[in-house]
């Protein structure tokens, strides 16, 4: 289990290679990579976070995933600061004996990171800057994980 | 959309890097990597396939995924021949504007590849070799994609 | 003339990966009946059709599929890829 | 004494990221009432509590949470990470 909250750029491919290396006890690795999407006119995305709470919140979400599924490992990376269109924002990786656990845990981590980890996105375009509003769909997505 | 059926080893990290490169139109990339899992005593996994039909079957499954979800790209790699424990067997990658589509399409591709692409696995241990039996759970998994 | 292909343990039981047959079989099931009548190894391979899958011209199909115009038929166990 | 932190547009409206307050507020809601009474910029930031989230000592909580023993309270909009 690893959590990295960092300003520096990361390479999702290099992260997957390192995460996969030397494992013979698992059958499935799932990764999710979030990319800065430019729907037109985006100059940069700025991500603010809450140092200290961010790491705690993500570690709690990871611990919950480990309790729910048969996971052998997980990784969460999330950047903050200014990001260019096309740049990786964040990445989740899960390693499990079976694919069902790896997929479910990765989706769970994403759903909770979206709505429970203290990050805020601000889009800067040629005409100004605006905080990204939370989507109701993201909050609703948590519903499927309630027992 | 790309399909590769090959004997050679591949590097999932390098594949993810190449798949992600230069995209600004998508927000989500999901990958699944299948690894040769050693539950104890496995010397190698041998994968037989049906050349010609394999590529056709995978292309048909990819086309179905593209018709169902808002996907901008997908990649399927599947090895055949002899594989050592820990080696990547296969990989699926999906690129989409939103994470829900990327996750659903990757799971769909996996479920169909498991039961509809003509591959057969044979486990070689110190005490002999045995064809891997199809799991009912894999066949059942297709049920969730029926309309 | 039709190419008949065998994979995995079907190939092992029959003892060859491929053969070319002159058959008048109207359906896959008719072809299976012809094969079973030939030799014990075919009878062994085709004993339980529920454990087998069939493709005609590289498309998965069922045992009642017609063979008219088909160039290639393949028999194999349920797939275990991924 | 308690540290009060503001993030995203809450920080922008109030005009600072953090301040140290001497408060006798029993709950988060009481603290919010105190802040709103201070200045217009606080009133503007806390006008709609349904648009805000709060964490006490870095744990998400609700506005009726007690502040006894708390060292740090943070106010911010719904999160938009991932």
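Letters are used for the chains, namely A, B, C and D, taken in the order the chains are written, and counting of residues starts over at 1 for each.
Basically, contacts are C-beta pairs under 8 Å (C-beta built on N, C-alpha and C of every residue); 3 or more make two chains touch, one makes a residue touch a chain.
Note that this is a predicted model, so its numbers are computed, not measured.
Trainee: What chain groups remain joined by touching if chain B is not counted?
Mentor: Result with chain B masked: A, D | C.
Trainee: I'd like the Å distance between the centres of chain A and chain C, where a centre is the mean of that chain's Cα atoms.
Mentor: 48
Trainee: Rounded to the nearest whole Å, what is the centre-to-centre distance of chain B and chain C, using the mean of the C-alpha atoms as each centre?
Mentor: Computed from C-alpha means, the inter-chain centre distance equals 26 Å.
Trainee: Roughly how many whole angstrom separate the Cα centroids of chain A and chain B?
Mentor: Taking the mean C-alpha position of each chain, the two centres sit 23 Å apart.
Trainee: Take the average of all CA coordinates in chain C, do the same for chain D, and state the distance between these two points in whole angstrom.
Mentor: 72
Trainee: Give me the residue numbers in chain D that touch at least two other chains, ranges are fine.
Mentor: Where chain D meets two or more other chains at a single residue, that happens at 82.
Trainee: Give the residues of chain B touching no fewer than two other chains, as numbers and ranges.
Mentor: Chain B, residues with two or more chain partners: 34, 99, 110.
Trainee: When you check every pair of chains, which ones turn out to touch?
Mentor: A-B, A-D, B-C
Trainee: Along chain A, where are the residues that touch chain B in the complex?
Mentor: 11-18, 20, 22-38, 85-86, 88, 97, 99, 102-103, 106-107, 110
Trainee: Quick check on the complex: what are the chain C residues that touch chain B?
Mentor: Touching chain B: residues 5, 7-9, 11, 55, 58-60, 74, 76-82 of chain C.
Trainee: Please give the residue numbers of chain A that touch chain D in the complex, ascending.
Mentor: On the chain A side, the touching residues are 34, 47-50, 52-53, 56-57, 78, 89-90, 110, 113-122, 131-134, 138-139.
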